[in-house]
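So, here come the structures, one by one.
The same subunit A turns up in both complexes below, where it pairs with subunit B and then with subunit C.
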Partner chain A sequence: MAKKTLIIGGGIAGITAAQKIAQNGGTALLIEKEGHLGGNFAKLTYTFPVLADAKGIVTREIKTAEELAGIEILPRTTLESCRGEAGNFTVELGTPSGRRTEQVAAIVVAAGFHYMEPTAYTEYAYGRSAKVVTSLEFEKMAAEGRLPQGPARVVFVHCVGSRDKAKGYRYCSKICCSYSAKHAIMLKQANPEAKAYVFYIDIRALGKGYEEFIREAMEKYNVRYIRGRVAKVIESGDKLLVRAEDSLIGNPVEVEADLVVLASAMEPPQGSRALAGILGIATDEYGFFREAEANVRPCHSSKEGIFLAGSCTQPMEIAAAVAMGGLAASEALILSR
Partner chain B sequence: MRLKIDEDGIRTMVEQSIGKSLTSCLQCSKCGGGCVHSEEFDLTPRQVVESLLDCQDGKVLDSRMIWLCGRSCSACQAVCPVGLPLNEIMAVLREEAGRRGIEPKYEKPSMIYYKFEHCAKHQEEGEASESSTGRETQPA
Partner chain C sequence: MPRLDKVAQIPKPEQIFFFKSCVASNKYPGIEACGTESLRLLGVEPVESEEQTCCGGFVTFANVAAPTASMPAVARNLSLAEEKNLDTCVVCNGCWTFLNEFGHFMNHNEEVKASVNMMLNMMGRSYEGSGQVFHIAELFYRLKDDIAKKVKRPLAGVRAATHYGCHYLGGGKYSAIDDAQMPSYMEELIELMGGTVVPYTANRECCGTGFTQIINGKDLSLEHTQRKLDSVREADPDLLIVQCPYCHSQLDRVQQQLNFRQGTDYQTPVLHIAQLVGMALGVPEGKLAFAAHISGRKRLEEVWDRVGR
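What follows is the complex of A and B.
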C-alpha cells in the first residue's frame, strides 16, 4: 500500500493536493487548524476575473475531498513535531482527542495567507471610523447584505500595506487590483445608484481575462479610476474626506465618501516561522516559505520530501494555488510509492 | 512643451545631503495628497522628485513648491512608503536656489512653522490653511 502524505492546511491548495493524491492512488492526511475546510476562499462571495459563486465552488471541492476514500481529514489539528527524512517522516499531530503519531513519506505545506490588519495606517482613520473597512470586511458586508444603500459613494484604496517598506511590505500583493475591481462591480450590481472610486498607483491585473475585467469595471460599471495613492482619510461629520493627488492631472484632489475600503496586503500565515522551525525548512525575509528554485521547482522547500503549495509561498490568486497544489501532489506521490 | 532629459544636475547634491537615492520614489503621489499647502502647489512633491531625476534643475528651482514646504513639518515624510525626507529635499533645494540668486517665491510658511502654531494647524485638518486665506499670502 502507498505510504501517506501529510498535507498541512485545508484551503484550496491543500484540498487540491489531497484530491490529486487520492485520485492517483495515494493516501492523504489533511490537517486543518480551524474547525472547517476552505481557508480564505471560504470567506469570499464571488471569484475573479469571472464573477462565479465562490461559496458554491469551494463547497463542491470540499465535498469531493470528503468523499474520496484515500483522504482522511483532521480539523482543529496542528503539527507538533516532525522527525525523519524524505520517504520516512514521523510526525506528531495535536488533535482535539489528543496526540497522534503518524508515519508519512512526504509533507505538503499549504498553510495559506493572512490579510494584514492595517492598524498602522492611522492616516486612513482605520480603527477610528466605522466607515473605514478592509476588503475582507467588505466581503462580509456583501455576504450579509450590508452594502451601502442609495446614492452612497464608496472609495477603494489600493496598496495598503503592499509596496510600502515603511509600514508594510515591499512586495506587491498581486491580487488586490483585481479584487478591488470585483468589489466595485459587486457594489454596483447590488446598488446601481452607488458611486465607486478606485485610487491606484498602477494597475497590476495579469492573466487571462484580467485586463478585460478591469476595463469592464471602468466601462460597463462606470467605476472611476484615479491614479494616485490616497494620502489621508479625514472624518468630517457623517462623511469621510479622501485626499490624494491625481497624478495624471498632477493636482491634489478630494472625494467625499460614505465608505472607504482598504485593500490590505496579503501577508504570510500567522505562525509561519514557527511551523518552518518544526519542519526544518526555510522562510524568506517576510515569513513566506522559501522555494528551492523559483522557476522550475516552485513547490520544493529547502528540505527534501517537504513540498510547498499555494499562498504560503507568495501572494497568489486561486488559479495559481490550485495549480501548485496539483504539482505538490505529483511530487509527493513520487516518494509514496 | 518638450523637455530635454539630462543626466547631470543637482540631483546628486540632493541625494548626498539626504543620504538616500531618489530612485526609491514609487511615484505613488501619497505625499502631495495630504499636504496642507496642496491648494497652492505649482509642482507637486512627486513631480519635484521626478523632475530632479531627469535633471530639470531650472524647473524645480524656479518652482513655488520648494518654498511652500515648512521647514519643521514632516507630514509627507511620515506617510511616505519609502521614507523619503521630502522636507529635507525642499530645504536643500531652497538653499541651492538662494545660491543661484533665485528669489523666494513664498516665504511665509517657513516663518509660521518656526512657531508652535504649526502643530495645531496640522491637527485641525479640514480647515483652510492659514496661507490660503490671503492673510499670509505674499505676491509670488
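What follows is the complex of A and C.
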C-alpha cells in the first residue's frame, strides 16, 4: 500500500490535492484547523469572473473528497511537530481527541490566506463606523440579505493594505479588482436602485474573462469607476463622506455614502511563520511560504518532500489554487509509491 | 487611542529647552506666555535662548531657501538644546515637523550630518542628534495627571472643538504620540480639565494656510478655510482649540476677512492648547493675551465669565 501524504489545510487547494492523490491510488490525510472544510472559498457567495454559485461548487468538491476512500479528514486538527525526511516523515497531530502520531511520505502545505484587518487605516474610519466594512464582511452581508436597501450609495475602495509601502504590503493582492467588481454587480443585482462607486489606482484584471467582467460592471451595471486613491472617510451625521482625488481630471471629489467597502489585502495565513518553523521550511519577507523556484517549481518548498499549494504562497484566484493543488498532489505521489 | 508606549517614553524633565515660534511670538504672544507659565506650574522649568533663530521651515517650504541651507539652521538650533543637555519643546506644528524631520534625516545620513557639522564647526558649534523634540501638547498629555490635580479654573460648561493641523497629522510618521490619522489626546485633555468636546465633520481638514497658499493662492486658501469654518459653525463650539500658531492665525483672522468680504458672521474664538491649559491652571488673564485675538471676542468674554477670571 502506498504511503500517506499529509495535507495541511482544507481549503480548495488542500481539497483538490487530497482528491487527486486519492483518485490516483494514494492515501491522503487532510487536516483542517477549523471545524469544517472549505476555507475562504466557503465564505463566498459568488465566484468570479463567472458569477457562479460559490457555496454549491465548494459543497460539491467537499462531498467528492468525503466520499473518496483514500482520504481521511481530520477537522479541528493542527500540526504539532514534524521530524524525518522526504519519503519518511513522522508527524504529531493535535486532534480534538488527543495527540496522534503518523508516518507520511510527503506533506502538502495548503494553509490558505487571511484577509487583513484594516485596523491601521483609521483614516477610513474602519472600526469606528459600523458603515465601513471589509469585502469579507460585505460577502457575509450579501449572503444574509443585509445589503443596503433603496437609493443607497456604496463606495468600494481598492488597495487597502496592498501596494502601500507606508502602512500595508508592497505587493498587489491580485484578486481585489475582480471581487470589488463582483461586489458592485451583486449590489446592483440585489438592489438596482443603489449606486455603486469604485475608487481604483489602476485596474488589474488579467486574463480571459476578467477584463470583460470589469467592463460589464461599468457598462451593463453602471458602476461608476473613479481613478484615485481615497484620502479619508469622514463620519457626518448618519452618512459617510468619502474624500478622494479624481486623478483623471485632477480634481478632489467627495461622495456621500451609506456604506464603504474596503478591499483589504490578502495576507499570509495567521501563524504561517510558526508553521514554517515546525516544518523547517522558508517563508518570504511577508510570511508567505517561499517556493524553491518561482517559475517551474512553484509548489516545491525549501525542503525536499514538503510541497506548497494555493494562496499560502502568494495571492491567487481559485483557478490557480486548484491547479497548484493538483501539481502538489502529483509531486507527493512520486514520493509515496 | 494615544500610543501609550510612546507617551511613556516622554521624560518628565525638570528643565526643557523652550523653542520660540516666529508666528506665535509675533501674532499671539499668549501662546508662549501661557506655555512657559503652565510648564512652570507643572514643575518643568522652561529654558530659553537668545541665540535661537526661526526653525527655517517657512523659508524652506516657501522656496526662499534650499533645504541644504536650512539644515544647518536646524542643527544649530538643536545644538543650543544639546549644549544644555536638554530636550526641546515647541509650540508650533511647523517647528515640530521641521526639527523632527530634518533631525531624523541628519541622524540617519552620516554624510549630511558631517557636512552640516563642518559649517557648525566654523561657528564653534556641533550637532550630535542626542536630544528629542516634543510638541508642548504632547508634554501636556504626558503631564495630564498633574494638570488634573492643579486645575484652578475648571472648564465646566465650556464646549470646545479641536483642530490638530496637517503638520502634526501628516508629519507624524516617526514622532506622533498618537494615531496620526485620528489623534485624540487634545480631547482627553479638554475633558480632564472639565470641558466638553464638540465633534464636527471637518475636524481633520487643513486650516487653509497650506504653507504658502495663503500668500500665493489666497482664493483657494480662503475657500478651504471657509469650508472648515462652516463645519465648525454647524457644531457651534464656544472655543476652537488648535496646537499650531499658523492654524491659529488662519482660523482666527480669516473669519474677519470672510465677514468683511462676504458679509458672513463667523464668530468662533480660536485658542492654542497652551492658552487653554493656562486658562485652566489659573494663569493670570493678562498673560493669555487675548487682546491679540480677533474673532469671537464676545463669546470669549462669556467663556471667561463661566470659568471665572
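Throughout what follows, the second predicted complex is superposed on the first by the 337 of 337 C-alpha atoms of A that agree within 3 Å, B and C clash if a C-alpha of one lies under 4 Å from a C-alpha of the other, contacts with A are read in each partner's own complex, and residues count from 1 in each chain.
Everything that follows uses one rule, which is that a contact is a pair of C-beta atoms (placed from the backbone, for glycine too) under 8 Å apart; a residue touches a chain by one contact, two chains touch by 3 or more.
A quick note: this is a predicted structure, and the numbers were derived from the prediction, not measured.
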Three-chain arrangement built on subunit A, subunit B and subunit C clash or fit: clash
Partner chain in contact with A:142 - subunit B first, subunit C second, else both or neither: neither
Which of subunit B and subunit C A:123 touches, first, second, both or neither: both
Touching partner for A:236 - first (subunit B), second (subunit C), both, neither: both
Per-residue contact with subunit A, leading partner among subunit C and subunit B: B
Which superposed partner A:322 touches (first subunit B, second subunit C, both, neither): neither
Which of subunit B and subunit C A:37 touches, first, second, both or neither: neither
Set of subunit A residues, in rising order, touched by both subunit B and subunit C: 123, 166, 232, 234, 236, 241
Contact footprint of subunit A on subunit B as seen in their complex: 26-35, 38-39, 41, 43-44, 46-47, 78-83, 125-126
Touching residues (chain side subunit A, partner subunit C) in the complex: 121-123, 128, 166, 232, 234-236, 241
Subunit A - residues contacting subunit B, complex: 123, 159, 163-168, 201, 227-232, 234, 236, 241, 243-247, 250-253
Touch list for subunit C against partner subunit A, complex: 173, 179, 181-182, 201-202, 204
